[in-house]
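Next come two complexes, and both contain chain A; in the first it sits with chain B, in the second with chain C.
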Partner chain A sequence: MRSNLLALLVFAALAAAPILIGGYWTGQLTTYLVYGLLAMSLSLVWGYGGILCFGQAMFFGIGGYIMAVLTKGMILPELTSSYLGLIAAMAGSALFALALGYFLFAGRGISGAYLAIITLAMALVLERLMNNWYALGGYNGLLNVPPIKLTFFGASFELWDRMPTFYAVLAVVALVYLLVSWLLNSTYGLKLTANRTHPDRLASLGYNVLIIRLSVFALSAAIAGLAGAIFVTLDGFASPTLIGFTLSTEALIWVAIGGKEMLLAAFLGAILTRTAESWLSEIFGDYWILILGIAFMISVVLLPKGLLATPLEKLTQGKGRKSR
Partner chain B sequence: MSEFIPIILDVSSYILILVLVALGLMIVFGMMGVINMAHGELFMIGAYVMVAAQSVGLPFLAGVILAPIVVGFLGLLIETALIRHIYLRPLDTILATWGLSIALKQLVVLTFGPESHSVPLPIDGSLELGTFSYPLYRLILMATSVLLIGGTFWLFTRTNFGLMARAVIARPDTAATLGIDTRRMYRWSFVIGTALAGLAGALVAPIISVDPQMGLGYLVPGFLSILVGGAGPLAGVLVGGTVIGGVNNLLAIWISPVAAMITVYIIAILIIRLKPEGLMGGRRAK
Partner chain C sequence: MSILELKSLSKCFGGLRAVDDFTLTLAEGSLNALVGPNGCGKSTLFNLITGLMRPDAGKIQFKGQNITGWPPHKIARLGIGRKFQVPAIFEELSLRENLIIAARKNEQRAAIDNILEQINLSNEAHMLAGELAHGQKQWLEIGLLLAQAPSLILLDEPTAGMTAAETHATAELITRINRERSMTVLVIEHDMGFIEHLACPLHVMSKGQILKSGNFKVIRNDSEVKALYFGQSEAMPDA
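So, the complex of A and B:
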């Protein structure tokens, strides 16, 4: 119950933020919300699913490129609906994850360090591929991606101004958070925990471990794809950096610093790290990256649950009762 | 025929460098199950030690001697301050050493600047045999690599230290019961692995451009070599390095560097997935 209260507080604070921080920072915060969505997807697959994915930006990038290609009308000039783009982005990322996941997990699948290295190599391959796929813009990427166009009951509205865009993105992020938290509190969340800690016992109880792994991998990819699709409409362009290695590892750092086993902490990890980056990099200059690297090391070694999740868990846990 | 010889030599020299880099990784991974993502940065620091040594007027050979000492000492520091605390959490070593690699990279940027440096060739001449000519330094580099790889194999298969090390790999608990200080073995293996990376960096520095981002370009192929070859026997790294380095270089010449990189990574992923114990067999993925 307390964790719901905490989430409510966080989202209420975010909703109130634009009043205090002004136009420019609202725009920035919108981007950070999208990064937060990516962080949640990584927390789901890594913290809850037990799959250390070193290339989570693959799904972000795939979603982004699908959105860009569709809404620019590069496939069908008549079909440029934003809704279709968002759905296709999520479905495309999820399908890619299903195929990749089946290849990686089926039979005597691989896990742990091998999985990390393979997903890292995959991200590098995709980044190199997009850099040289000239029909999709190559190194320069795709420019002039239109903003999201919301249509309901015949009226249509373009998400172009900062304020409406911010609240629309915040609504999507809050909705995803609600759905995923609800899912994690259901028996599915229980299965995920069992799959992470004792997959053999889970299998011997008659559950199909492969399906559980594939489903969490695909679900996480769909969320990352959604984040990527929203992201390209904010900046108006899709480039190979979205799909690649750098963003993947950045997401990993946000989630590790925030706390991989707590959805809200991972989300806040992304937002706070990015906010700190834009403020502190002015003060510390080039030393900021050094500080970030060291903070990451410290959080992994000393606080494996995360810099944010450790205090947050204390806050949300009642007397001796575990929240999960 | 004679136009093939330089290609064969280029490919062999790339393979040898890759094996040299991967060997240090392999010792650390095979021995302790630690994935050292900062290995590429240690290689890079080895190259920068050479840059620094040359800029204060020291001869090339001094750089070659200094690099493994400096980087090995750094390795000792890293082992004591970081790795020792997370031996029992192998997945966390990936993340912690990744953080370390970011920090090291940025330290080098702050000290030497983000631009690339070049180290002059210590030996200018080239070997001339009739119409065939090849830079002498590359030949010396290849011979040195062969010696170093051979020396490492000798250390791990023919000496008392190597016997103890292999005992620790195979049965850590039994080895500890027999009085082998496993923590000490881990520490020295880590130092040897990092010193090798530093030495490789210093030796390779004259034939590449030295910049803070160069580590990753060796780290990932190095890991793929180990996993493709198999993390058990040391010979695995030779096979893996030959497959990865050979295919990559030949395809880069025949088709394009981009196609080569993509093909090699995909081949490597397929092999690792279908034969997780590697081509040569050995330790199964944990």
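So, the complex of A and C:
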């Protein structure tokens, strides 16, 4: 109950933020929300699913490119619906995750450091591929990706201005948070925990752990794909950096700092780290990355549950509920 | 009628024949114990039956179906439950959540309170499984099997680390499960007191094979079994 209240407070604060921070920062915050969505997807697969995916940006990038290609009308000039683009981005990322996941988890099942290395390598390969795929813009990427066009009952509206865009993105992020939280509180969440901590036991009770792993991997990829698809419409272009190594590791740092086992903490980890980056890099220039590094180390060594998740869990836990 | 038939099962690890041409048939509703020194292949045998490992040779027949090489979840669904040697429970979940997972199908969930009572953990239902004492963890794992409701249960050292009183209570619980729920039980155990209490047919395993079968008294007085546990008979001149 208390964690729901906390989430409500966080989203209410975010909804109120544009009044205080002005137009420029509202635009920035919109981007951070999208990064927060990527962080949630990583928290789901890593913190809850126990799958350390070191290349989460590949799903973000795949979603971004699919959205760009479709809404620019590069495949079907008549069919440039934003809705279709968003759905295709999610489906494309999820399908890619299913194929990759099957290769990783079937048979003996790759896990731990090996899984991390393979996913990292995949992200690097995809980044290389996009750099050299000239039909998709190569190194320069795809420019002039149109903004999201919302159509209801014949009327249409383009997300061009900052305020409506911010609130539309916030609504999507809140909806995803709500759905994933609900899912994690259902029996599916229990299965994920059981699979993370004792897969052999779970299999011996009659569960197909391959299906559980594939499902969480694909779901997480679909969310990352959605984030990527929204992202390219904000910036107006899709480039190989969306898919590769840098964004993948950044996402890991946000989630580790926030707290991988708490969806809300991971989400806030992305937003706060990004905000801190903007401020600190103005003051310290490139040295801000040292501060980020120290925060990361503190989080890993002293507070492995996350800098944010540790206090937030204390706040949300009533007397009755035990520690996790 | 037999529920499980193991025919000439073999499994090697490198040069070691962990299970070697092993044959055993369990009658439906029976209770059997498997004993033997460490490293004689008992746990490997369980891994073969439950599908965690594939046998190199031989056949496993359960309820008339050849389940050799099936994946673990399919074998479990067909009705084989297993208790691992080290308590395998979901430590980050509460006891009730552990049992909900184990029950899988909704209609069995109503029985969860009943199971908690049987394993004597009703008051701990909302505790995290990781916070239980060792003996209680063993019981919770037996509770998982009750919730899973298989027709054959394999117990790998269910009383390891238990006090004498707990061991006694566990033996009672297992005989009760076997009788009242008509589940077939195969138990691996070292504790001779426990096995005597079970009062069931006993199979002594050595070097991947069954050395002797019989009831407790016969086995206890068997010279070959004595030699296996207390040293080589050739080394000891007959007095």
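Couple of notes before you dig in:
Basically, the second predicted complex is superposed on the first by the 320 of 324 C-alpha atoms of A that agree within 3 Å, B and C clash if a C-alpha of one lies under 4 Å from a C-alpha of the other, contacts with A are read in each partner's own complex, and residues count from 1 in each chain.
Note that in this section a contact is a pair of C-beta atoms (placed from the backbone, for glycine too) under 8 Å apart; a residue touches a chain by one contact, two chains touch by 3 or more.
All values reported here derive from a predicted model rather than from experimental measurement.
After superposition on chain A, the partners chain B and chain C are accommodated together without colliding.
By the touch criterion defined above, A:249 lies against chain B but remains apart from chain C after alignment on the C-alpha atoms of chain A.
In the superposed model, A:113 makes contact with chain B only, not with chain C.
In the superposition on chain A, A:294 contacts chain B only, with no contact to chain C.
Which of chain B and chain C touches more residues of chain A is settled by the count: it is B. In the superposition on chain A, contact is made by A:104 with chain B only, not with chain C.
Of the two partner chains, neither chain B nor chain C is touched by A:135.
Looking at the shared chain after the overlay, A:76 reaches neither chain B nor chain C.
Looking at the shared chain after the overlay, A:20 reaches neither chain B nor chain C. Here chain B and chain C sit at a least CA-CA distance of 12 Å once the structures share a frame through chain A.
Per the touch definition, chain B reaches chain A in the complex via residues 33, 35, 82, 85-86, 89-92, 94-96, 98-107, 109-110, 216, 220, 223-224, 227, 258, 261-262, 265-266, 268-269, 272-273, 276, 285-286. Interface residues of chain A facing chain B in the complex, by the touch rule stated above, are 52, 103-104, 108, 110-114, 116-118, 120-122, 124-125, 128-129, 131-132, 245, 249, 252-253, 256, 286-287, 289-290, 292-297, 300-301, 304.
Considering their complex, residues 187, 190-191, 193-194, 197-198, 200-209, 320, 322-324 of chain A touch chain C. If you check the complex, the residues on chain C that touch chain A are 50, 52, 71-73, 76-77, 81-82, 84, 88-94, 97, 100-102, 104, 126-128, 131, 144, 148.
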